[in-house]
Every structure is written in C-alpha cells, then in structure tokens.
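In the two complexes that follow, chain A is the common piece, with chain B as its partner first and chain C second.
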Partner chain A sequence: MDAILLQVLNGLDKGSAYALIALGLTLIFGTLGVVNFAHGALFMIGAFCAVTLSRILSFSFEVLDETQKDFLGNPLKVKTPYVESWFGPEVGASIIDWAVPLAILFSIPIMVAFGFIMERGLIKHFYKRPHADQILVTFGLAIVLQEVIKYFYGANPIPTPAPDAFKGSFDFGLLIGFAENAIIYPYWRMIYFVFSLLVIGGVFAFLQFTTFGMVVRAGMADRETVGLLGINIDRRFTIMFGVAAAVAGLAGVMYTPINSPNYHMGMDFLVLSFVVVVVGGMGSLPGAVLAGFMLGILESFASMNQIKSIIPGIDQIIIYLIAIIILLTRPRGLMGRKGVMEE
Partner chain B sequence: MFGLSKTDTRFLLIVICLTLATPILLQPFPEGSGLAQFNAGYPDLMQRFAIFGIFAIGFNILFGLTGYLSFGHAAFLGVGSYSVVWMYKLLDYNVLWGLPLAIVVSGVFALLIGIVSLRRTGIYFSILTLAFAQMMFVISYSDLLGRFVGTSITNGETGLQVYTSDPQVLLGATEPNVPHLFGIVMRENFWQPNIGGWEFTFNNGYYFCAVIAILAFYLSLRIFRSPFGMMLRAIKTNQTRLNYTGLNTRPYTMAAFVISGMYAGLAGGLLAAMDPLAGAERMQWTASGEVVLMTILGGAGTLMGPVLGAGFIKYFENIFSKINDNVLHGWFAWMPDGLEDFIVTILHPFVGKGWHLTLGILFMLVVIFLPGGLVEGGSRIMHFIKRDRKAKGRDPEHHPEHIAYVAEKEEF
Partner chain C sequence: MSKTNITRRGLLKTSAVAGAGLALPTIFTSGASAYTNEPGAGSVTLGFNVPQTGPYADEGADELRAYELAVEHLNGGGDGGMIPTFSSKTLDGTGILGRKVEFVTGDTQTKSDAARASAKSMIEKDGAIMITGGSSSGVAIAVQGLCQEAGVIFMAGLTHSNDTTGKDRKANGFRHFFNGYMSGAALAPVLANRYGTDRKAYHLTADYTWGWTQQESIANSTEAMGWETVNNVLTPLASTDFSSYIAPVLNSGADVLVLNHYGGNMVNSLTNAVQFGLRDKEVNGKNFEIVVPLYSRLMARGAGENVKGILGSTNWHWSLQDEGSKAFVKSFGTKYGFPPSQAAHTVYCQTLLYADACNRAGTFNPCGVGEALAGYEFSGLGNGDVLYRADDHQCFKDVLVVQGKENPTSEFDVLEVVEVTPRAQVEYPPNHPMFGGDEASLGTCNAG
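Let's turn to the complex of A and B:
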C-alpha cells in the first residue's frame, strides 16, 4: 500500500508539470484554435525568469577588505550583494534564498507581456491558415527562443536551489498514519504539487465564476455569435493567451529546483505535453489536467523495479504507448468534445 | 524521353547535369583565397547533400502531396542505417546487400506505423507519428530489443558498429574492410585534380549517392506526374469530398507513407554506407524536425524545393557554423575600427555556434512570408524580372488569386 502511494506521489511532480503545460496549450487551442508548438519554450522562459531573478538579486559589489588578506598578502576582495547592503545581511540573505518563490511575482508580468506580444505580433496572422502552418511557425519560434536563451545563458544546466527551508525531505507517511520512514517525500515536490493545484484551480475558477471567464467560455463554444453580440472577443482571447503563457511560465519557475533549467528543457517537455493534450482530448481543459496527472503517475509506476523486471524499459515508452492506445480506442481522447479538430 | 513530357525531360537532364557537376560547382573559389571556406566541394558534405536530398524528396511525397505532416520520419532513417550496419556485420562490407534490406525493412516499419497512424488526420497524425518515432528512438537508445533477444540489436547509446569478432561470412581475403561496392571503396577519391589553384575532389561515395539520388528524383518526378500523384494532391485539397464521392483514400495515403518511409530508409542506409556507423540520435525527433524544415524551406509540394532546402540547411550547418569572430573581423577589416567591432558584435550571435538561431529566424520568415519556400521566392523574382504584361491588365477585384499556404500548395 505504502509502495503504491509512494509511486503516486512520485508521479505527482512530473504530472503537475504536464498538467500545467497541457492546460495552457488547451487554453490556447480552445480559445484561438492555434496549435502552439512554442509552448514548451514558454515553460523554459518561465524557468529562466527564476534564474534571471536569482542573478539580479545576487548582483554584488566588491570591497577591498584591509583586515583580511589572501594568500599573497593582498587585501581580500569581499563580494556583497546589493540586496544585503540595502536590507541588512540577514534580510538580504533570505531574499536571495527565496529567489525562486519571488520569481513567481517577477515572472507573471513578463510572461503575460510575452504572451501578448506573441499573440498580437505573430499568432494573430495565422488564425486562418491551416493547422500545419501554425505548427510550423510556432516550431520555428521555439527554435529561435531556445537559441536566444542558449546565447545568453549558455548550454549548461543552471542549478537554482529552493529556499533552505524547503530543502530536503519530510516523512509524509507519518502524517497520514503510515509507519515511520515508509514514505519519504521531498518538500519541494509537495509544494510544486500544491502550487499546481492552486494554479489549476485558479484558472478554472476564473473561467467559471467571473463574467470575463463566462464570456471566454461562450467564445470558446461559438466565437462568431459572441462577436456578433458586440463583445470584443479577440481582445479577451489575447488576454487568455497571456494567461496561458503565464501558466506555462509559472510551471517553469517552480520547476527549477526540481530540475536545473537548460535551454532545451522546453522541447523535452513539449513533446510529452502534446501527447498529454491529445490523450486528454483536444480542447478539453479538465481532460488536459486529468491526462497530465494520469500520465505522470503511470510513468512513475512504470519505473518501479518490479515492473521493469517484467518489461524492461517500459518506463520510457509507456506515455507513447498509452497515447497510441487511447488515440485508437477513443479517437477524441479521454474527454474530447465532438467536432474539435476533426477534418 | 523516360516517359516524361518535353519540359520534364529537360528539367530532369538539367538536374542530372547539376548533380554530376556538383564537385566542380561547389568549388568556385581557389584554394588559399579568403573565400575558400565557402567551398562546399568536399566529399563528406557533398554526400550529405545527396543523402538528405533523398530524405527530403521522400518526405515531400508524403507531406508535399498529401499534406500529412509526419513528425517522426527520422525513425525510418535510423532503421535504414541499422539494417545496413547489420549487413556489414553479418555478410561483408559490400553496400549492395544492405541498401535493399534498408528499403525493405523501413518499408515494413512504415507499413506498420502507417496502419495505426493513418487512421487519424491532422494534428493527431503528427502526434501519433511523433509518438512512434520517439518510442523507436528510446527503444534503440537503450537497446530494449536487445534485452529481449539476448544479443545487442542497436548497441544502445554507443551506436552500432562492426567489430572484428563479427561473423562477416562473405568477407574475402583481399576485400577492403571499409564500405565498398564490389571493390570500389566509398571513401576514396577517384580523381583529385588541381587546376590552377582550384582543387576538385571526385569521390566514389558521392557519385554513388548522386546516382541513387537521381534515380530517386526521377521516381518522384514520375509519381508527381502520375494519376497516383494526382490522387494524392486531391487528398490534400479535400479529403472529405473524396470520401463522399465513395473513394477510399486510405490505400493512397498508405502508399505515400510507405514510399516516403522507404526513401527515408534508403537515405539512412546511404548514411551508413558512407560511414559504417548507426546511432540512435539519428532517430530523435529533432532529426524529424530537420527534414520538415528542409522541405518547407525549399518549398513543400514542389519537385526541386526539398532538395534545395536540404542542400541549403546542410550547407549552412557546415559552412556557416565555421565562421567565427576572427573571420568576421577579417571581412570587415576595411571599416573604421569602432564600426567594425560594432558590426562583428551584432553578427556574432548569428554565426558559428549560433547558426541555429539564423536557421530558426529564416524558417519563420519563410513560413510567414514565403509559404512556397525558396522555389516560390525564385519564381517570384523571375516574375518580377519578366514583368508579366497580362497581369497588369487584370482587375484584382474580379480575379482574386488563391493565396497558397505551406500546408496546401497546389502547383508543382
């Protein structure tokens, strides 16, 4: 029992990332009808927002300290981050330590602005073109973004640690009544899971309980009619694109302590998230979230040693295998609507 | 001639001449001159032109004609390479055994994948092919097949290669132990003249690839002109309507998929014929993306486009990526110092290691502004020069022209 629960938990963090990216993809697809191959790049840019913020926060100046000498006898250069000199060493150090959570606030405006520019500047011109063209141009954009990031940040992964308070693991099993040390789970993964639930819940609540969300949902169902009612649906869809970009960015920001960001992390996730979206059903938001968690958890089950000893290597192909099975048995995916993307 | 119309025969002859003269054409600058680094006439690169040309021609038969965007074509490339290397291991280094096998095996794989993937269209088809290719990549990268069989099939991340302990039952005593065709060694040059500073390399392997590429091109020309090709174009234009007229389109799409898979297998086999190695990275989805880039950059659905695109990308990959800051400084040395540094700084991200950035930008520009690719660009320039008189009198209001997109090009 505890082994099963452990695998479920292990699948949650990847599942959360899949769910968040797939949610954004589906939002864009459901509203604008665009297949966005650059969504993985948005995830990556989010991650690099965290890297950037932690670099900005640790900008330092150097002071020659006459009291300390290095091994040549010269005065030692002491680096002090500006933040520490402004807020005092203790507050400053903890601000630097909390760079990743702070990057959430930092990344939202950046990602939303990025989404706006991308939609208004590029995607807008591709609404009437075939889906293949949309895939191609966003694929090109993904290459460009990835190369730009590579140019500025280099090709190596950049470790970006979580705050000290959340480093290490805790005994999750003890909390829910299992034996001691049965289920040890890293803090940050739990936080990532809770965070993704909050974001997903936030997006759904926004769509379900606000007038704005209601209009967007109406537009998803029938864009033309909503437009004829005198509502500027294009502008709202642009905003939704920004929201989707922000969701991908947030997923990236919070993922940095789990996996050090590098320039091709977006592409790695993109392929899988597309599989997730298709399994969940194109255009279905709950489907995307469900499929994201499901595939994440199944992947972690498949990497159990007991299962690997029966079918070696199953952990690496299970997602694709499931995608193929689902697409053949349920052509619309798990929760796909009728008439979406069916020529 | 060759069962082609007059224009097509002329076109084919031009292509044949250009292909055979490639070692001369790609060597326009004399050795030792500043521009010599733009010469592309060395065997390795020319072989790549021919091989990836074949790959792109094959991909174009599927994507250009039927509009089915496969994102997993590199899988067949890998399968082809593995088959050829296995023939090296089992029989001997003669490429003649491996290449037909590569075509057959990749055809079988294409058939199996096609049976499943072609049940769906549009993005679902793309994702299904992507999933299959990615699965095959993972399987060969970690040699999962080998774990079932007991012996290594793909040799995992090391890549498949020939060892002295391999059986090689046909290997004779005097036979060269590098890939060859009845004793003609692929990596050797049969003529290397140096005419007044110009150095030309005539390589066995390149001419072997070139002959096969010409055959592949001829075959694709015939397909384009055949009723079968017409049917494929009809599928791209409106598959639903075809279905409503009572026509089953599946056999046609399947045939196109298998043919293009075989082309990819042949290209993969040739890669292994030039260099007796086969690695899993050839099957990765970025490799599939590359052939998509090639086809679109050149012009999807056109005959010459994919070959041009393949040549373009491979040329830039090899030549553009060699340009570094020193070379740039050399170019702009005639400028005032400040301006020179400024221009070099601006150009720096786009050359050398950053050439992928240039490629991405170029690709986006092509998709946005020039959906017909380089071929359309060329024909637009031709039109501009010729100044079509008739078009001037035409009223655009009453004769609106169909705007073509990448995914639905109709002309040749």
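Let's turn to the complex of A and C:
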C-alpha cells in the first residue's frame, strides 16, 4: 500500500510538470488555433531564468589568496559575491540561496514579454497556414532557442538547488498513519505539486471569474461572433499567449531543483506534453490538467518492479499505450470538444 | 538532316573503351597506394570525431582542445606537453615521420549513424589516415567497425564498455581508456573496506551496452567481496526523472544504491536519490550509501553538492602529481585557463601514442602501426607503467578510485583521489567471459 501511495505521489509531481506545460499548450491552441512545438522551449527558458538569476546574484569579485594555490600553482583567486559584500555574508548567502523562489518574480515579466514577442514576431504570420506549417516553424524555433541557450550556458546540466530550508525529504507516511520511513518524500517535490495546483487554479480563476477571461472563453468557443460584437479578440489572444508562456516558464523555474536544467530539457517534455494534450482532448483546459496528472501517475506505476516483471519495458511505452487506448475508445480525448481539429 | 549509324558491335566496342577509361584512374590509384589514404611527403591528416552537438558537446569540446594541443606539440609548438615525459623519444616536434600534422573534425552528435557518417566523410573526402575520439561506447563500437572496414586505425576516445575491446574488438581499433571491469576491480576492495562486506546493493542501470557491461562488472566484483545484489533495474536512456525508480529502493532492503549511469542520467539519478533522503537513511543497521562507478568531472559538476563523499572511479585526474600529469595540466591549463578532463587526457595520449607508433614503425600503414602499438609498454603519460595488450588492444594501467570532494576550493575541484589501484589488480585474461570469451577475436588487420 505504501509503495502504491509513494508512486501516486511521484506521479503527481511528474504530472504537475506535464499538466502545466499542457495547460499552456492548450491555451494557445484553444485561443489562437496554433500547434506550438516551441512550448517545451518556453519551459526550458523559464528554467534558465532561474539559472540566470542565480548567476546574477552570485556575481563576484576576485581576491588573490597567497596562502592557497590554484591548479597551476599560482595564488588562488578567491571569489566573493557582491551581495555578500554589500549585505554581509549571512544575508548575502541567504539571498543567493533563495535564487529559485526569487526567480518566480524575475521570470514572469521576461516570459510574458518573450511570449508577446514570439506571437507578434512570428506566430501571427502562421495563423491561417496549415497545422503542418505551424508545427514546422515552431519546432524550428525550439531548436534555435535551445542552441542559443547551449551557446551561452554549455551542454552540461547546471545545478540550481532549492533553498537550504527545503532540501531533503520528510516522512509523509507518518503524517497519514503509516509506519516510520514507509513513505519518504522530498520537500521540494511537494512544493512543486502545490505550486502547480495554485498556478492551475489561478489560470482557471482568471478565465472563469474575470471579464477578460469570459471574453477569452467566448472567443475560444466562437471567435467570429465575438469579433462581430466589436471586441478586439486578437489582442486578448495575444495576451493569453503571454500568459501561456509565463505558465510554462514558471513550471521551468520551479523544476530546476528537481533536475539540473540543461538546454535539452524542453524537448524531453515536449512530446509527452503533446500526448497529454491529445489524451486530454484538443482545446480542453480541464482535459489537459486531468490527463497530465493521470499520465504522470500511470508512468510512475509502470516503473514499479512488480509491473515491469509482468510486462518488461512497459515503463518506456506506457504513455503512448494509454494514448492509443484513449484515442481508440474516445477519439476526441478525455474531455475534447466536438469540432476541434475535425474540419 | 543528320543520320546516325549505331550498330550492335559498335556500341559494344564503345562501351568497352568507355568502361576501361572510367576504371583506369581507380586501377592507377589502387596500384599507387599501398594502403588507405597514404599521405604525401608534406603533411598527414588526422580525423578527430567528437560530439560537437548534443548532450556530450562539452566533453567533446574538451577533447577537441586536447587534440589541438597534441597537434601543436607534435608540430613543435608550445611547451611540448607530455612529449618530454613520454618514455618513447621518437617525437621530436617535426610532426609524424617528418610530415606536418594537420587535422579535420567531425561531429558524432553522440549518435552511431551520425558518427559513422562523419568518420566516413573524413576518410573518403579529407583523406584522414586515422580516426579518433568519441564520448560514448555505442558510438565508439560503431566507428571502430567502420574504420576496420575502411582500412584506417581507430584510436578510441572516452568509451568504457567492456565490449569495445571485448566481443566487439577489432584489429584496427585501440583503446587507452579503462573499462567497466577495471572500474569494478578497482572499486570493490575500497567499497568493502569503507562500507564492509555485508552489504545489499540495488543497481539502476542505463539500458544500453555500456550500462549492461558496467553493471555486470560491478555486481561481479562486489559479490566477490561478499555483497549481495538484490535487484538490477534497467532505466531507459531517455529518462529524465528517476524518482519512480528510486522510490522502490527505499523499501527493498538494500543499503547501497549503485548508479550505472553516465552524463545527464547520472546527474539526474544522483540528484533524485539525494532528494529522496537516501543518504540520510539507515538500513540494516548501516548508513545507506550511493556509488557512481564511472565519474566524469565535467558531468559531476552538474550534480553540484550531491556528489560530496560519493565513491566512483576515473581514468585520470588533473590533481595527480606525476611528471606527465603535471606537464599536461600545465600545458592545457596555460592555454585554456582550466584543468583538462579525463576525456581530454585520454585523447591527448591516444594522439601521441599513434604518432609515436608511426615513427617506430616507420610507416603510416595501419598494419605496421598496429604492430607497433600491440604489446607496447610505455610510461610518462600520467598513468604509471602502461601496457597496450596485443590480444585485445586494451591499455592496462593504474585506475583511480575517487570521491566527491567535501570542501572544494574551485569549480574544477569536484573530485579527490582516494586510491590509485595498481595495474595488476585490474588485469584479466583476454578470453574473460565478460569480454566475449574464447570466441572474441581481433580479426586481421585491414590496410584498405
């Protein structure tokens, strides 16, 4: 029982990332009708916002220490971050330590601006083009973005740890009545799950309870009629592109302590996230979230030794297998709407 | 109006003459060259085939730096690096056999098909007489096979799978880097000494040739010390999050986790294992331990603080204090501003060893060069006394057991050497079952 619960928890944090990326993908597809293969790259750019802020905060001056030698036998250059010099060693170290949470604030304006520029500069020219063209151009953009990141940050993963207060793990099993050490779960993964729920809730609340959101939803349902009412729906959809970019970026920022970011991390999530969108139902926001968590949990279960001993290699194909089953039984996905991508 | 008179006999005659004409250059070429890409009097071209894109691009870039340094030293530039400390004295700064050394580069992308294509291009279009490089065993084995067919020497770069000089060994292929068996043989006594002989190990293994052979090697060596292997779980190479593979470890009864992962897989699996509190756990009355059998300093940096205190093995480390290592670190560090990686070291050595073999053989003919390398004993290149064994073209030398450093003084100061395992402890017979047994054969040398 505890092993199953642990895999559910693992699936929830994995599913959180899928759900956040798929939510952004669906927002863009539902509003603009664009299949955005560069969405994984936005997730990666968000992660590198955290890396960049961490580097900015760690920006240091060097002092030669004659008592220590470097690898060539020269006096060692000891680096001291400016923030430690300005605010004192303890406060300065704390600021650097909290780089990832601070990067949430840092990344939002960057990602919104990035999304806005991407939509106005490139994507809008492909609204009326076939989906194949959109996929090609956005996939090309994703490759360009990851190569740019690799040029500046290198190909190796870059450690971007969580604040000391949230490192390590806690005994989740004890909290819910299991034996000691039965279910150990990392603090940061729990934070990631809660954070993703807040972001997903925030996006839904924005669409559900604001006038702006109501217009966007109306536009998603019938763009032409909303336009005929004299509402500039294109502008709102552009803003939604920025919101979707910010959601992907935030997912990337918070993911950095879980796995050290590298230039390729967007591509690692992209294909899976598209499967999530298709399984959830093209254009369905609740469907994307539901499918994200569902596939995350099933993927975790498939990695269990008991399951793998019955069906070897199931962990490598489970998501695609589920996608085939869902699409055979419910061709529009779990919560897909009639008419979407069916013309 | 023109009239053409084509007869059957005339057509046959014309075709025969045209065919002979087309074949003529090939006949002359094959008659003029005794072997593939025989160099002229002025220069000789080497082909450096490394990952310039893809996940191992940083390691490939470090290999390229070392290759360029080696070429500079062979041509008489710089401070000569390890040439003065090398036990053989045939390298005098005048290139190889009096020819200036030039090079071309290819991008393996850490994909076998791309690596073979770039090696083929360097051989056929650029006239490379030797191919070297790589950061993956799958790629090394693929390119080694191609070089055997093409009739050029392959000096492997970073490849750690037993298969490279085991069941997939080739007469034209040579490996300086150590292998999975050697990692196990070097690590196991240190692990037994540090953690005791009554241990239960759980292996997570990358699902491809390198992972399989390393897991087999580590399991055999540790079981010989009294450890029990409780499980071995194969993980897809494309995995990015290992939490679902690590969670079952917690309740498996194991008290050691062995991560047979490299590169990004290693960084992520180690990070995940530490996140799940494995290092703080106590199982069977003992502290839970994690082992990373193959370390790469470049990659270990990606795992940050998580590598602290974790044992593994490596082919070479820049902190070694022998004359060869010091000379190489000084030469590389002065030119590039940071210490070389083990990948840089092995490819630098391979380039010098190839050049020296050509000089000793007095020819670039791959069969002559192969004979000069096979069974050759040397020293002064940073690994003590080394043998290039004739039976399988594997280098035998001391192996380093390292651990993540607790108090690093710089971003390069990630690992520290715990023990230098002597060569005798990591040797094995050429027909060892893990290396293809009696059926494994080098085949015959191919000169093209």
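FYI, the second predicted complex is superposed on the first by the 328 of 343 C-alpha atoms of A that agree within 3 Å, B and C clash if a C-alpha of one lies under 4 Å from a C-alpha of the other, contacts with A are read in each partner's own complex, and residues count from 1 in each chain.
Throughout what follows, a contact is a pair of C-beta atoms (placed from the backbone, for glycine too) under 8 Å apart; a residue touches a chain by one contact, two chains touch by 3 or more.
In this text the structure is predicted, and so the values were computed from the model without any measurement.
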item	value
Partner chain(s) touched by A:Q316 [first = chain B, second = chain C, both, neither]	both
Contacts of A:I56 with chain B and chain C, given as first, second, both or neither	neither
First, second, both or neither for A:V278, with chain B first and chain C second	first
Touching partner for A:I307 - first (chain B), second (chain C), both, neither	neither
Which superposed partner A:Q68 touches (first chain B, second chain C, both, neither)	second
Partner chain in contact with A:I239 - chain B first, chain C second, else both or neither	neither
First (chain B), second (chain C), both or neither touched by A:P130	first
Which superposed partner A:I191 touches (first chain B, second chain C, both, neither)	neither
Shared chain A surface residues [contacts with chain B and with chain C]	150, 316
Footprint of chain B on chain A - complex, ascending	35, 122, 125, 129-133, 135-137, 139-141, 143-144, 146-148, 150-151, 267, 271, 274-275, 278, 282, 312-313, 316-317, 320-321, 323-324, 327-328, 331, 341-343
Residue numbers on chain B that touch chain A, as the complex places them	67, 69, 116, 119-124, 126-128, 130-132, 134-135, 138-139, 142, 144, 147-148, 239-240, 285-286, 289, 292, 296, 349, 354, 356-357, 359-361, 363-364, 367-368, 371, 405-408
Chain A partner contacts - residues on chain C that touch it in the complex	54-58, 231, 233, 236, 238, 240-241, 243-245, 247-248, 250-251, 264, 267-268, 271-272, 275-277, 280-281, 298-299, 301-306, 318-319, 329-330, 333-334, 338-339, 409-410, 412
Of chain A, residues touching chain C in the complex	2-3, 6-7, 10-11, 13-14, 68, 70-72, 76, 150, 154-159, 161, 167-169, 181-182, 184-186, 188-189, 258-260, 262, 264-265, 268-269, 299-300, 303-305, 308, 315-316
